[in-house]
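Next come two complexes, and both contain subunit A; in the first it sits with subunit B, in the second with subunit C.
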Partner chain A sequence: MLRKTLSLIITFDATVQAMAAESCLQALGLPGRLIPVPREITAGCGLAWKAPPEAQERLRAALENANIPASGYHVLMV
Partner chain B sequence: MIYLDNTATTLRKPPCVAQAIVQAMETMGNAARGAHGSALDAGRTVFEARVKLARFFGCPDPSHVIFTANSTEALNIALFGLFSPGDHVISTDLEHNSVLRPLYALEREAGLAVDFVPADSRGKVDYTAFSALVRPSTRAIVCTHASNLTGEMLDLHEIAAVARQHNLLLVVDASQTAGAVPIDMAALGVDVLCFTGHKGLMGPQGTGGLCIRPGVEIRPWKRGGSGVQSYSPTQPAEYPTRLEAGTLNSHGIAGLSAAVDFLTETGVETIARHEAALTRRFYAGVRDIPGVMVYGDFAEVRRAAIVALNVRDYDSGAVSDALSETYGIATRPGAHCAPRMHRALGTVNQGAVRFSFSWYSTPEEVDAAIAAVREIAAP
Partner chain C sequence: MIQVNAVGDPCPIPVVKTKNAIRELGGPGVVETTVDNEIAVRNLQKMARQLGCESKAEKTGESRFLVTITVTETAQTPAPTAEESCLVQPGKEKNTVVVIASDQMGMGSAELGKTLMKGFLYALGQQESLPRTILFYNGGASLSCEGSPALEDLKSLEAQGVEILTCGTCLNFYGLSEKLQVGEVTNMYSIVEKMTQADCIVKP
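Moving on to the complex of A and B:
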């Protein structure tokens, strides 16, 4: 059985941005990891950053500060 | 980690592959550029690889083995170099985007007409549909040897018979079968065979190629340095130089060459039997688990070592993530770059979780994967 938790999902237009985000966020010690993009958002090939919802502002600030564009911030059960 | 994503790339390679690459990097110059010892070493290594691959795939002439970075590049070279405005080609719903996107581009930009033999909800084609689509302007059938999504293999004997009857070229994408299934392009009647080096052939990424039947003319897709005819303003007409502008990935080709040695010594039939046994074992273990939907027709004896499935209405990405995070099992979820096949199977929204096996996969790994699927599928 799959257990779902309320999560923040950050999506990117291109895989290269997802890799840049991982590099940036891990270097800063921020929470989360890369996962397959949930189908609620898109069914295409791709990676997304999954993290606890309460980390959203810190993650957003870190990505904006590093000029890494995210295509969306979603809070949903995954 | 239990690695069951061998259709994406084989992770474990024969040890001789890495050894050959390291040796090549330490000793080889640039093939066909100069005549000093290290350049000749590179030239010999590349030539030997052509000879081995020609023998391996039943290509009558080693000079017609063209090296590329992967299948996608090989297919682009073949498709952009074979057809002219007004031509018509027949392809299938099983195709990967490496066939579809070049064909769609040629349709949009170069006056090519394309028809697709449909797949049914099990991913199977009706072979009579190929003949039914032939028109006076039909030049070729372009098809995969096996679906990268379900492992369904197309019967190249049947398709080649249609091609012969109507005087059509047969271009085959062997990405999923090269190295894993015996292929004799001359015996089968294949005119252009496109392969990648890093999957069943167990060579390094960045290697691949196409084998061309002598007499088939493919226009150059790129132009540039060849090491010969330097004052000619045009790309040399001779194969393989015609299609190989620029420095080759000779280091990778050295690794691929060693991989072909390993495959030849081991025997492709032996590898095929091993992978087929694992595929059947996995299918038998998961097919009756309540909530598991397996795609494809497993009554077929010959198929690529792939099992694609879904669990309940779960997102295939979530299932694959659970397999990875909880069980340490690597699989591929989502859309598999095969949009027409996903439509045929009805998996556009859910995608599918793909398990794929290799020579280095074991029955114990298969059993662990079955147990993991059973736990995930439990209510």
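Moving on to the complex of A and C:
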């Protein structure tokens, strides 16, 4: 059975940005994974980074550092 | 509290036994039923909801689930004559087979295709109704092997009862025979059988 957990969902305006975020965050060993944007969120392109909410600041810093713009940070049950 | 053992009982016996136990309580109380499959868990929880009872389910071991139903003052007593039927029947669910023939979804950019395939397998595991079988062959065979970005999702699908089969000829061809990480190895006869017996084939 599916168990949903409170997750941080980072959305992006463009698919290439989401894919760049995946390479960047994985290379840095930061937590999370690329998933299709959950139905609850309508913003952004079709892909999002899902991670534990407590990683938000580290992920935000890494993305800003790499100049990858995120379109939104959402915390919801996924 | 009444404990019911419905391990090994086919549907709808776990529901019948549990309803009898609720009747036996004759009022508020708790019934704990042990079953060996998730379909039975879903049937028991559906029945509890219909009676207005609280229920919770937990996995207590390999093929063991404990469903705890709390009967309150306001809950209905199940009618003794009501005919039992399986609310959720595995056999009646559509036999959907998902066929993964490549490590990419669609044609075009290989990089995007791989990302889309990962997304597809993640979203597949989030569906209410899961396929019965997922077949992996040719380029798709690498997805059930070591180093695959989809392993976590496939293991979760397998844990939810989805059969995961990878073509042995393909594993051999790609030198992946020792690297399979989820599901079983299969052959062309089974692949043909699974596909011809399917109600619906999904090929991303």
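To be clear about the criterion, the second predicted complex is superposed on the first by the 74 of 78 C-alpha atoms of A that agree within 3 Å, B and C clash if a C-alpha of one lies under 4 Å from a C-alpha of the other, contacts with A are read in each partner's own complex, and residues count from 1 in each chain.
Criterion: contacts are C-beta pairs under 8 Å (C-beta built on N, C-alpha and C of every residue); 3 or more make two chains touch, one makes a residue touch a chain.
All figures in this text were calculated on a predicted structure; none of them were measured in a lab.
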Contacts of A:36 with subunit B and subunit C, given as first, second, both or neither: both
Residues of subunit A at both interfaces, subunit B in one complex, subunit C in the other: 1-2, 35-36, 46
Footprint of subunit B on subunit A - complex, ascending: 1-2, 4, 35-40, 43-46, 78
Residue ranges of subunit C touching subunit A (in the complex, touch as defined): 38, 41, 57, 111-112, 115, 118-119, 122-123, 125-126, 152, 160
For the subunit A and subunit C complex, residues of the former touching the latter: 1-2, 15, 19, 22, 33-36, 46-47
In the complex, subunit B residues that touch subunit A: 311, 314-322, 333-335, 337, 348-351, 375-379
